[in-house]
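Letters are used for the chains, namely A, B, C and D, taken in the order the chains are written, and counting of residues starts over at 1 for each.
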Amino acid sequence: MTDRPADAPDAEIVCPARPESLAALLAFVAEASARAGLDRDSTFAVRLAAEEVCTNVIAHAYPNGAAGPVRLRFRRDPAAVLVTVEDLGIPFDPAQVARPAADAAWEARPIGGMGWHLVRESVDEVRHEHLPGGGNRLTLVKRLSPDP
Amino acid sequence: MTDRPADAPDAEIVCPARPESLAALLAFVAEASARAGLDRDSTFAVRLAAEEVCTNVIAHAYPNGAAGPVRLRFRRDPAAVLVTVEDLGIPFDPAQVARPAADAAWEARPIGGMGWHLVRESVDEVRHEHLPGGGNRLTLVKRLSPDP
Amino acid sequence: MEVNVEQRGGTSVVRIAGSVDGLTSDALQAALHQQIEAGATRLVGDLSAVDYTSSAGLRALLGTLKLARQRGGDLRLAAVQPGVLRVLELSGFTSILKVFPDVDTAVESFGA
Amino acid sequence: MEVNVEQRGGTSVVRIAGSVDGLTSDALQAALHQQIEAGATRLVGDLSAVDYTSSAGLRALLGTLKLARQRGGDLRLAAVQPGVLRVLELSGFTSILKVFPDVDTAVESFGA
């Protein structure tokens, strides 16, 4: 994991990948989105993608023993918002997650499995890198429509 | 704020100084204390001091507008635990906080004002530094009794 | 998030307000299942004041839908706001859940 | 944290279990004040299962103590564990709050 940029000391959050941390992560994203002046739709989309990714890291990244960290950065560029989520957990490439079937009858519809599908539909781009020392960096890119 | 040490990537938490972050901060301290093998009394003392300091940063460090970050580091040395809490908020030197009166009758006893007193009684040393760019670093030192 | 339940004939109208996310979906699911356990299997979710849902909310809704239908009832939704509706559509929930423009229509759909 | 209330004659025994901290103290205060608002001003806090309190817990206890006494009752504590007792002592609460070794003695102290 690299340093947070010197000019944005409050644009990152690092906390244990545990359910107790979810409120802090969501509050961070809400505050950063408001500060970045995102409109309602972009705020919703970024919040949704960030929640799904964080929930997954909390649930899946550290299957063996104590939870390691989850680090989330929020960057507002002129034309896009970039949310980066890093963990030091097991290798996970979201490209491997199959699109869930959304046409089964209600009896056969599985409960769950929608998270990654919603991430991909909410943001314009999802990048995945394996971190050199182990772990994953996901970058969610939400392009912003220019002011009318 | 300096880098987290390379050998302890999960020994810090950085999150917005907001009430929503308290659960993550407390979970971090609990997990770090367990991992460091602290005994029951030291776990209680470190938890208490850390909670009081974090609660104060959340309540007081950023009086004007949006909450900035609170960064907490946990370090286990052979003979002590060091908990460092940093904010980028208003200058605050805990040495200026008066010891609360603890002898008033119940009718006159103020509700609140006990936090710093409990911090000082729980840990062996409290250090305060003003950070160069603004903000505060508090270091709480809890000495550990050698294993019997 | 807040949840309030109002009885309308044989139907429970569950008014949800706020955000349904990983922090609140368990409470929503508990409130909905409590209705069903108490015998109120005809449920209308009034989502007019719900500004957000994640997949955690979808889980609560689908779990409730299944339980209600297994008991001979149903969960139907009313007044779903655009952002939340998009999540329901993306996840294919609009093909299994009935969504009505307002609470009255949803209640009447049970043929009260 | 969990809070359970049991009536023992004219006294409400409030059994608290877990940690009283900034996350839970509001719920504790609400449960205690609810008793007082309902007319039960004689309260015994059973702290045998409380492993931790911070100043947030002290606030809840002192606020409740004041309200109970203003209404002619009292808040008394029972079976306080060592770590929590030390916090009460450090903050001078043991000079204004009555602490009993067990629940029975605390209940009897109200002269039931």
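The working rule: contacts are C-beta pairs under 8 Å (C-beta built on N, C-alpha and C of every residue); 3 or more make two chains touch, one makes a residue touch a chain.
None of the values given here were measured: they were computed from a predicted structure.
*Asks:* What chain is the most remote from subunit D, judged by the mean position of CA atoms in each chain?
*Replies:* With centres defined by C-alpha atoms, farthest from subunit D sits A.
*Asks:* Would you mind pulling out the distance in Å between where the CA atoms of subunit A average out and where those of subunit D do?
*Replies:* So the centre of subunit A lies 43 Å away from the centre of subunit D.
*Asks:* Subunit B to subunit D: how many Å between their CA centres?
*Replies:* Centre separation, subunit B to subunit D: 26 Å.
*Asks:* In subunit A, what residues contact two or more other chains?
*Replies:* Answer for subunit A, listing residues that touch two or more other chains: 23, 26.
*Asks:* Among the residues of subunit D, which are close enough to touch at least two other chains?
*Replies:* Nothing qualifies.
*Asks:* Let me know each pair of chains that touch one another.
*Replies:* Contact pairs between chains: A-B, A-C, B-D.
*Asks:* For the complex, give me every residue of subunit B touching subunit D.
*Replies:* Where subunit B meets subunit D, its residues are 19, 22-23, 26, 40-41, 44, 47-48, 51-52, 55, 100, 102-103, 105-107, 109, 111-112, 114-115, 117-118, 121.
*Asks:* Under the stated contact criterion, what part of subunit C meets subunit A in this complex?
*Replies:* Where subunit C meets subunit A, its residues are 21-23, 52, 54-56, 58-59, 62-63, 65-66, 69, 83, 87, 90-92, 95-96.
*Asks:* Which stretch or stretches of subunit A touch subunit B in the complex?
*Replies:* 1, 3, 9-10, 12-16, 18, 20-21, 23-28, 31, 35, 66-69, 88
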